[in-house]
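Okay, so chain A shows up in both of these, paired with chain B first and chain C after.
So, the complex of A and B:
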C-alpha cells in the first residue's frame, strides 16, 4: 500500500487537438511527489502532455494545474519548474555554458551566479569538458545532457523531462538515472517520459501509461500488476511432456489458448491466480514433471502491451 | 549543486536585458545581416556613378531618387521585414521557443528585448549606409536640410515597418512572404491609386518627411498627387504610432499565444 502523497500535477479531462488530430483525449491523472514515469509508444501523447504541463501549450479542453497553478505563460510557476523539451535542435550557435547561462540569466540569476550555476550543472551531467563547445558541434548525447543541465541548473521543485535518456550511451544513461534519483531523494518531483520501458523501470516504480492520447493505466507497478491480473496472462511451462500437459489443460475455462515454443508449453489464462493455484495439484495427480515455469508478462513491457493493446 | 543564493524573483528587466543582448549578437552575425550590408552598399554606388558621369546637376536628381526609391521604397521595408520577422520566427525555426517561453519572465519582456535589438541592428545598418551615400553625394543641389530629413525619414519608417512585420510574424510562419507581398505589392499598388487611399500606406508618411526637394519636385508631386504630403508632425506621429502599436500588440498577443512547432507527437 503506497502512502498518499500531495499531488504535484493534476489533470482533469485534459484534451488537446492539433487541427483534426487528437493529441490528448480526455485525460484525467494525478502526479504525486517523487519520480513518475510517463510511458507510451511514439505518438502516444507524452510530449503533448508535457508541453501542456510545462505551459508551452494550452489545453483544448479540460484543465491542468502544476503545484496548484495553471501553467501556461505563468512566470510564478516557471520559477519553480525545470523543463527539458524533446527537440534536439536548440540554440545551435551558442556554446554549452553560454546556453545554460543565458537561460539562467532569463530566470533572473545575476551574471556571476548564473555562470557558477551553469558550470556546476554541466559538471553534474558530466559535460564540464564541453562547456566551450558550440551546441551544433555536440553529439546528440552531449546535447541531451546539456538540456538536462539547463533544466537542473536553477534547482527547481519540479522537473519535466521529455525523453531525457534518448541518444545517451549506456554509461551516460546510468549516470543520468543516478543523478535523477539523487535529485528525487532531495525532494524534487520529476515527471519523465520515455517509450523505452526498462529505462523507466530503472528510475521508478510509479508509472502513468499513455496510448493514443488516453491514459491506459496509472499507479505503482504493483497496482498495475493487479490490473494485469484481470487481463489474460501468458505462462511458459517447461518439461519433458508438454503435449500431455496441454491435453490436461485444454478443457479449463480460464485457458484461452495453448501453444508450443521451443519444446515448452505456452498457456494463456484469463485467471492467473486460479491457474497458479490449481497447477501444482494437477501436476502431482498426473505425475508430470516440470523443469521450468515463467511468465514473459511479468516485465513492464508486457504490462504495457496488455494495457495499451488490450 | 550548492544552492548558495536564494532563488531570484525575476521581473520584466530580467527577461528584457539578456534577450536584448542576445538579439543584438544574433542580428549582427546572421546571414541576412551580411546580405543586407551588401545590399546597403548599392545606393552609395549608384550615387557615385551619378557623380562620376553626370556631375553636380545629375547628382542633385540622383540623390533624392535614391533616398525615395532605394531607401524608403526598398531598403527600409526589406530591413524591417528581415529583422522584424526574425524576432519570433528565427527562434521558432531554431527550436528555442520552448526554452524561452517557459522562463519565469513575461514573454513580452523577451519579445521586446529581441525587437529592440533587431531595431538597433537594422538602424545601424541603414544609418551607416545612408551616411556613406550622403558623404559620396556631398555637394549635391538638393536644398538645405535634405540629409537630416532623409535620415529622419529612414529612422522613423524603419521602426514602423519592423514592428508591423514582427506583429505579422505572430500569426504566420509565412510572414516573410506575406510581408514581401505587402511591401512590394500591395503598398506599391495602393500608393499608385489617386486619392485618399494612398494615405493608408506607411510609405506615404515616410516620403512626406522628406519635404520639398529641389531636384525631385516632379517625382514627389507624381507620388503625392493633389493631396500633397502629410505635415512632418503628422507623418512622424503616424510612423511612431504604428511602431508603438505594432510592438504593443505583438507583446500582448505573444503573452497568450502558443507556438506549435511542425514536429509534434
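So, the complex of A and C:
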C-alpha cells in the first residue's frame, strides 16, 4: 500500500513581520491538490503568504512546507515550482521570448530546449505574436500573460500565481482561466491569489479567505457563501420616494433595520434572496420608481468583515 | 472526478544541475551594459589610453636611439603597471555607469522575486552580479593589458620580451582581477543599499573621489606619506606594486594596502549577503 501524498502546502502557525508591521499572523492552513483560490482584500497578506510559500521570504515564526519540503532557499523545490509575482516592471529591455528563455536557462534548461519551451509557453498564453516585442512595449495584459508563460514554461508541479488576472481584458481573462484549468486537469496544483471573488469563483470552488494577515475561512465556496448568507446584507435603494418605500418594507420579517443616507434608503435584510425576489413586484404594485439599487456588502471587504467580526 | 485526484504530472525535463548557475545572470547583466552608450564610450576611452601609454614610452626612448623605439619594452613590466593603475579611474567610471544599478534596479522593479523563485541560491545571484561587474572591469584592465602584451610581443625584434617576462601575463591577470573584484564588490554593496541606480552611482563615485581627496590632504596635514593609501586608487596601486614589483611606496604600505582591500571586500560581501533579499519593508 502506497503512503498518502503530503498536502501540497502545509502552514503551521505561520507569521511574518515587516519591522513593526504584521504581514501574516499565526496562519495555519493546508492546501491540497487542484486549484485553490487565495482571496482577500488588498493588504490582507496574500502576497506575503505566496512569497513565503515560494521561498522568497523566510517566515518570522511558524513553519511551512511545500510538496513536503521547506521552501526557503531551496533550489531543488524551486525546480518543481512556477511563480508569477504581482509586479511586472522588471526586465523591460528584454524581448518576451528572451525573458522566458533567460529564466529557463536559470532553471538549468539547455539552450535549444529553453528556446523551444519559451516559444511553446508564449504560444500557450496567446503571446506568440509578441515574442519579439520588448517588455517595455507590452501592455499590462500582455505582460501578465508573459509572466504566466515564464511560470508555466518549466513544467512545474505547483503554480503560485499572485493576482494573475489583473489587467487582463475579458477575452484574455477567459483564455487565461481556461489555460489554468487545462493545466490543473493535467495534474498541476495551482494556488491563485485575487482580491476579486468572482475571478476566483470562475477558477475554483475551493478558497482560502485571508484578512488582516489571518485566515478568515477555508473551504468550498458554497460553504463560505452559506456562512455569508447567515449574516444580514445591506441593500441601498435609490429613488424619489425613499420614505414611502420604507413604509412598505418595515413590516417584512427579513428586514432587520431601515435607514436613510444621502436621500437613499438603506435596508438590512437577513434573507437577501427573498428580498430581491419580492422587490420588483412590490415596486410595480405601488408604482414606486427606483433609480438605483446596490449592495455595499457585495464588496469582498464586507464579506471579510462579516466573517471576521461576525 | 475532481481534477486534483489525477496526481502530479511526472517531471519529464532533461534538467542539469548547473555548476555555473550564476552565468545566465552575468550574461544578462553584460547584455544591459552593452546597451549603455556611455559604457561603450568609457571602454573605448580606456582602450585609447593604451595608445597614450605606448606613445609616452616610445617618446621617452627616442632620445636614446632608434633601436629603443622599436624596443621600448626594455622598461620591463613598469609599463603594464602604469597602464593598469591609470585604467582604475576608467573602471570606477564604468562601474558607476554599469554596475551601480545592478542590484538596486532589481530591487526596485521586483526582479529579485523572479530570480529567487528559480532554482538558484542567493550566492548564485550575487556571484552572477559580481561576474558581470568583474568582467566589465576586466574590459578596462585585462583587455588593454593583454593588447599591450601582444603589441610588445609583436614589435619586439626577438624573443627576448617573451623569454624575459614569463610571469607577465599572470601578473596582468592578477592585478586586473584585484582592481575589478575590489571595486566590483564595493559597487554591488552600495547598489544593494538602495532602490535607485543613480543614487548608488553617486554614492560609489563620491566615495572613491572623496578617498582621493583625503589621500591628497591627509599626508600633508599629518606630514606622513603613508596616509596616501586612504585613496582607494593608491591603495590598489600599492597592492599592485607587490604583483609587479613596481611603484614607490613607503615601507609597509603595500602590506597595509592588502589588508585594507581584503577588509573592504569582505565587508562588501557580508553586506551583500545581508542585503540581497526580495523583501519590501512596509512601513
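Throughout what follows, the second predicted complex is superposed on the first by the 219 of 310 C-alpha atoms of A that agree within 3 Å, B and C clash if a C-alpha of one lies under 4 Å from a C-alpha of the other, contacts with A are read in each partner's own complex, and residues count from 1 in each chain.
Here is the rule we go by: contacts are C-beta pairs under 8 Å (C-beta built on N, C-alpha and C of every residue); 3 or more make two chains touch, one makes a residue touch a chain.
This is a predicted model, so every value here is computed, not measured.
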Practice item. Please tell me, clash or fit, for chain B and chain C sharing chain A in the overlay. Key: clash
Exercise for review: Give one of first, second, both or neither to describe whether A:45 is in contact with chain B, with chain C, with both, or with none.
Suggested key: first
Exercise for review: May I ask you to decide whether A:244 touches chain B, chain C, both, or neither, giving the answer as first, second, both or neither?
Suggested key: neither
Point to revise | First (chain B), second (chain C), both or neither touched by A:189 | key: second
Practice item. Report for A:152: first if it touches chain B alone, second if chain C alone, otherwise both or neither. Key: first
Exercise for review: Could you look at A:75 and tell me whether it touches chain B, chain C, both or neither (first, second, both, neither)?
Suggested key: both
Practice item. Mind working out whether A:236 is in touch with chain B, chain C, both or neither, as first, second, both or neither? Key: neither
Check your understanding: Does the superposition put A:113 against chain B (first), chain C (second), both, or neither?
Key -> both
Point to revise | Partner chain(s) touched by A:33 [first = chain B, second = chain C, both, neither] | key: second
Practice item. Kindly list the residues of chain A that each of chain B and chain C touches, one partner per complex. Key: 18, 23, 51, 54-57, 73, 75-76, 78-79, 81, 83, 85, 87-93, 102-103, 105-110, 113, 150, 154-155
**Study point:** Interfacial residue positions of chain A with respect to chain B in the complex
**Key:** 18, 23, 42-48, 51, 54-58, 72-73, 75-79, 81, 83, 85, 87-93, 102-103, 105-110, 113, 117, 120-121, 124, 150, 152-155
Point to revise | chain C to chain A touching residues, read off their complex | key: 2-9, 11-18, 21, 24-25, 28, 32, 35, 106, 108-122, 277-283
Review point. Okay, in this complex, where on chain B does chain A touch?
Key: 1-3, 5, 7-11, 14-15, 17-19, 22, 26, 29, 94-107, 110, 255-256, 258, 260-261, 263-265
Point to revise | Residues on chain A engaged by chain C in the complex (per definition of touch) | key: 5, 18-21, 23, 32-35, 51, 54-57, 73, 75-76, 78-83, 85, 87-93, 102-103, 105-110, 113, 150, 154-155, 157, 160, 181, 184-189
